[in-house]
């Protein structure tokens, strides 16, 4: 799996987690310190684990882990981890409050 | 354009720049401080600008800018910027020297 | 979401469940009585729930539910449900034992 | 060809056949007893044959066959067969009459 | 439908027709005078008609028509037409005889 | 890379060049004499070079070259070349003036 596709999947997981927490439309504002430890081999499935680690007025910081599992032997490996900052926005893409201060 | 797709495109630009510099297969090792300043609207094209900012023994650090251009008026906007660290690897995905020390 | 894409996603969930249970390569042998109750609207995410309901010598029967969740209000709806029979196969696509008789 | 992709293609063929018969928008209501007899190998093309086997007030039952043809020797194989029930709907996804009773 | 996607579909039809005629692997050598008369609107299906108009020693000239059909009223429109020259090749991509001279 | 995908990429390059020149929406009207000289091998990147060679009242003729570059040795090869005629259109797909006569 190409690194760019992994990043795209991790961003989707961050988007779902932040949107569920705020019930607002959220967009990616930045991502930080994403490390790729292992390559994903053919014949694996990936699992995404997203945890909300901080909420600001409009922003949600989501830590995302990407695990891969070898389908034949079940072995799971932490492949990548990083933090994504999502911001709740209105239709004109301006930040809106998402959480009580 | 969804943030995850933008990240995937930026990673491809970093991959091409690092592979051209080292003429080795490179993989994404980490990415850092990627900021998204503007959203990309429908009817724009994107342009990716990749610059090599540092080389180590196996690694190449590539700064990537994502510009969007409104096709109707030609206005260009810096949409995202970030650094990607690519590592030259062999067939078993182990780091190999890419540059003279 | 087009009905055909929903079927493709449900088949993937059946594939992962059957492959994890048998730790063999599995292929779709048949699917039965898949009902679509609701349409999936834009702005929803889908969740797939796969349960193994029967195992034969080579085959695994997987019941798959497709739930959709409105991202803005969190309401979840059972959208489709059906059974998929997966068969463990060798490299020449012939059935192989997957479970003790 | 992955089983899920084959199902998606068969659903498209059912959709076109039912929409042509009723000249209404149709959606997939259910599918039944789809059997996969052979795997599709690389270097084949697929051919979809759709036949309308029953029409109700809003529904059209379409039998779909998926044939694969080896491009090098021309040999054709019946790969999968199944029935798809399509229902004519209005913009709010409610069934509408499609055929005279 | 974007013009480039229409060209890609027409090339696929030419490939299938030429490969079926020669039972060799064929690749696109050139295409000529492809005219687009109408735009394809949303809610249409496309139909591709490929006719072999000339065969050389290694080459097959295929005329491809792209028809669109409005699914709601059944009206069919000739949308594009052009000629594609396909050449039979070996594994090293060198022309091989495909037809008796 | 399949010939049809190459044509689709070349059409996109023609679209961007013509749209930038006219700052109008443009659609593909015809393409002429596109020759494919070399096949694109795995592990190459492609580069598209588009030059405007003629402008009419509504039309822009764009010559597009497709170069491939072997990422490992940097060797560049002219793979395909052809001319695309793009026409500026309004929302109803009728030609509109794009350039001073």
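The chains carry the letters A, B, C, D, E and F, assigned in the order they are written, with residues numbered from 1 in each.
Rule of thumb we're sticking to: contacts are C-beta pairs under 8 Å (C-beta built on N, C-alpha and C of every residue); 3 or more make two chains touch, one makes a residue touch a chain.
As the structure is a prediction and not an experimental result, all values here were calculated from the model.
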Exercise. Which chains make contact with chain B and with chain E at once?
Worked result: F
For this session: Mind checking the rotation angle between the two copies, chain B and chain C? C-alpha superposition, nearest 5 degrees is fine.
Result: 120
Exercise. More contacting C-beta pairs: B-F or E-F?
Worked result: E-F
Exercise. At the interface of chain A with chain C, does the proportion of residue numbers present on both copies reach over half, so same, or stay under half, so different?
Worked result: same
Seminar exercise, completed: Separation of the C-alpha centres, chain C versus chain D, in whole Å, is 19
Exercise. What is the distance, in whole Å, between the centres of chain A and chain E, each centre taken as the mean of its C-alpha atoms?
Worked result: 43
For this session: Please work out the Cα centroid separation of chain C and chain E, and write it as a whole number of Å.
Result: 37
For this session: For this assembly, give the contact graph shape among line, ring, star, complete and other.
Result: ring
For this session: List, in order, the chains that make up the ring, beginning at chain B and going on to chain F.
Result: B, F, E, D, C, A
For this session: Name, in rising order, each residue of chain B that touches chain A in their complex.
Result: 2-12, 15, 27-36, 39, 82, 93
For this session: Flag every residue of chain C that touches chain A in the complex, lowest number first.
Result: 16, 19-20, 23-24, 45, 71-74
